[in-house]
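Just below sit the structures, each encoded as structure tokens.
Presented sequentially are two complexes of chain A, the first with chain B as partner and the second with chain C.
Now for the complex of A and B:
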């Protein structure tokens, strides 16, 4: 485990999480959630949990982002708060 | 009110971070979890199930009931999306509009009528229509078979490498979702109808629960794959190996069908006529 890489990815995870809450565009939020999932996937892989990383990559970063985008496409891109 | 919420979140977060200092360090062999439970599986899994990937043997064999209900949860999510979103088909289909690609003429097709000319020359005009990109369409055409092959590999090779029914099923589902993203929803529906995807997800759960029930019928515990010894070749240890494979296939089918099913209902507002 390289701690510099670990720290960098951890910072990116936190930034993606905060950005997903702060941003007003819901499509942007969906993309940020995808990035968040991908960073989490890298973290799992670094910690040696390869099966979990694989699941996170396929479900979190892949399909759930598509679901979010499909839903945003049919509803609205702007949040009310 | 907003500041109060922020204060509560920061406080709870600080307490949680403070609590993590009491955790054993990462990878500590003396931590409670590594003392009794993990060594039992790490030492005996290969002899008992002949599966080198311990994660798979724990997930599907030792803790098989958990995974069965996880699959059921995925299936329930698909059914919930269907019940909430799906709009029953109208008796008389609404008139559809097609554009002739070469001349740009627009045709209006009434009440489920068919075009007599070759369909490749027409493209459907939809309210959320976007022009087809030739490069994306063709690249996806060549990419999808490889994605599906990889999905099948992940399901079948889950005993030896990371992966298994869930991941492989999602990859297989994603290949069909990619088809409907790169072409349109109707093309994907033509390849794999709504009934097919619903049947896939139902039969996947059925295969899993059926394997468990079969073990019960043969006089063993629920999901104790040793019971399948008389039906499968290779002795009682290999019976567990093959039982895991059977169940993984069930999980893969259920997850694949459910992913496609959910996507269709979300992408077309439950109408299955036009959509992403």
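Now for the complex of A and C:
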């Protein structure tokens, strides 16, 4: 485990998380949450948990993003906060 | 003082996990939009999973796949050379469960939108009180 890479990706994860709940657009939330899941997948590959990493890449970053985009398509993009 | 500072710097990953957990909890409690609440719930779940996976990491260890060569098969396996795979297997289940809960939550969100035509929690509560 390389700690510089670990720290860099952890900071990116926190930034993506804050952005996902702060942005005033639900499609932006969906995309930033996909980026968050992908950073999380990289973090698990660094930690040596390759099985968790590819499950997260397919299920977390793939299927979750599709679910969120489908929800935004069926409802609305507008949000107040 | 120096001891405390060293503890904070050496365990930086735990502080960041707690930060992520608090971001998720904040979104779950303080946000008004239903989709953002669900995003907060997912951030909270992944923070907990991240904490559990980080327990199994060892310094200088490789991924948990045993090296099999022709003449190495009868050698003893040293557990210190491999990352602990038990938290990985448990958290694999947790990821699949989290995606299932996400699907159910988003389906309920779509139903709520079709009934009240809004995703904001205060407007939904106002419509419920008026009816």
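Keep this in mind: the second predicted complex is superposed on the first by the 80 of 81 C-alpha atoms of A that agree within 3 Å, B and C clash if a C-alpha of one lies under 4 Å from a C-alpha of the other, contacts with A are read in each partner's own complex, and residues count from 1 in each chain.
Following the convention adopted for this analysis, a contact is a pair of C-beta atoms (placed from the backbone, for glycine too) under 8 Å apart; a residue touches a chain by one contact, two chains touch by 3 or more.
What you see is a predicted model; the values in this text were computed from it and never measured.
Q: Now for A:36: first (chain B), second (chain C), both, or neither, which partner does it touch?
A: Only chain C; A:36 stays clear of chain B.
Q: With the two complexes superposed on chain A, say which partner A:8 touches: chain B (first), chain C (second), both, or neither.
A: Once the two structures are laid over each other on A, A:8 reaches no partner at all.
Q: In the overlay, answer first, second, both or neither for which of chain B and chain C A:47 touches.
A: The answer is both, since A:47 touches chain B and chain C.
Q: Applying the touch criterion given at the start, work out whether A:66 contacts chain B, chain C, both or neither, answering first, second, both or neither.
A: first
Q: Between chain B and chain C, whom does A:17 touch in the aligned arrangement: first, second, both, or neither?
A: Touch status of A:17: second partner only.
Q: Would you mind checking which one, chain B or chain C, touches more residues on chain A?
A: The partner with more contacted residues on chain A is C.
Q: Using the superposition on chain A described above, determine whether A:55 touches chain B (first), chain C (second), both, or neither.
A: both
Q: If we overlay the two complexes on their shared chain A, which of chain B and chain C does A:74 touch? Say first, second, both or neither.
A: Once the two structures are laid over each other on A, A:74 reaches both partners.
Q: State which residues of chain A lie in both footprints, the one left by chain B and the one left by chain C.
A: Shared contact residues on chain A (touching chain B in one complex, chain C in the other): 47, 50-51, 55, 59, 63, 67, 70-71, 74.
Q: Inside the complex, what are the residues of chain C that reach chain A?
A: On the chain C side, the touching residues are 12-13, 16, 19-20, 23-24, 26-27, 31-33, 35-36, 39-40, 42-43, 46, 49-50, 53-54, 56-57, 59, 61-64, 83, 87-89, 91-92, 95-96, 98-99, 102-103, 106, 109-110, 113, 118-120.
Q: Within the complex, which stretch of chain B touches chain A?
A: 26, 53, 55-56, 59, 128, 154, 162-164, 166-167, 170-171, 173-174, 177, 181, 259, 262-263, 266-267, 269, 275-276
Q: Sort out for me which residues of chain A touch chain C in the complex.
A: 1, 6-7, 10-11, 13-14, 17-18, 20-21, 26, 29, 33, 36-37, 40, 43-44, 47-52, 55-56, 59-60, 63-64, 67-68, 70-72, 74-76, 79-81
Q: In the complex, go through chain A and note every residue touching chain B.
A: Going by the criterion above, the answer is residues 47, 50-51, 53-55, 58-59, 62-63, 66-67, 70-71, 73-74.
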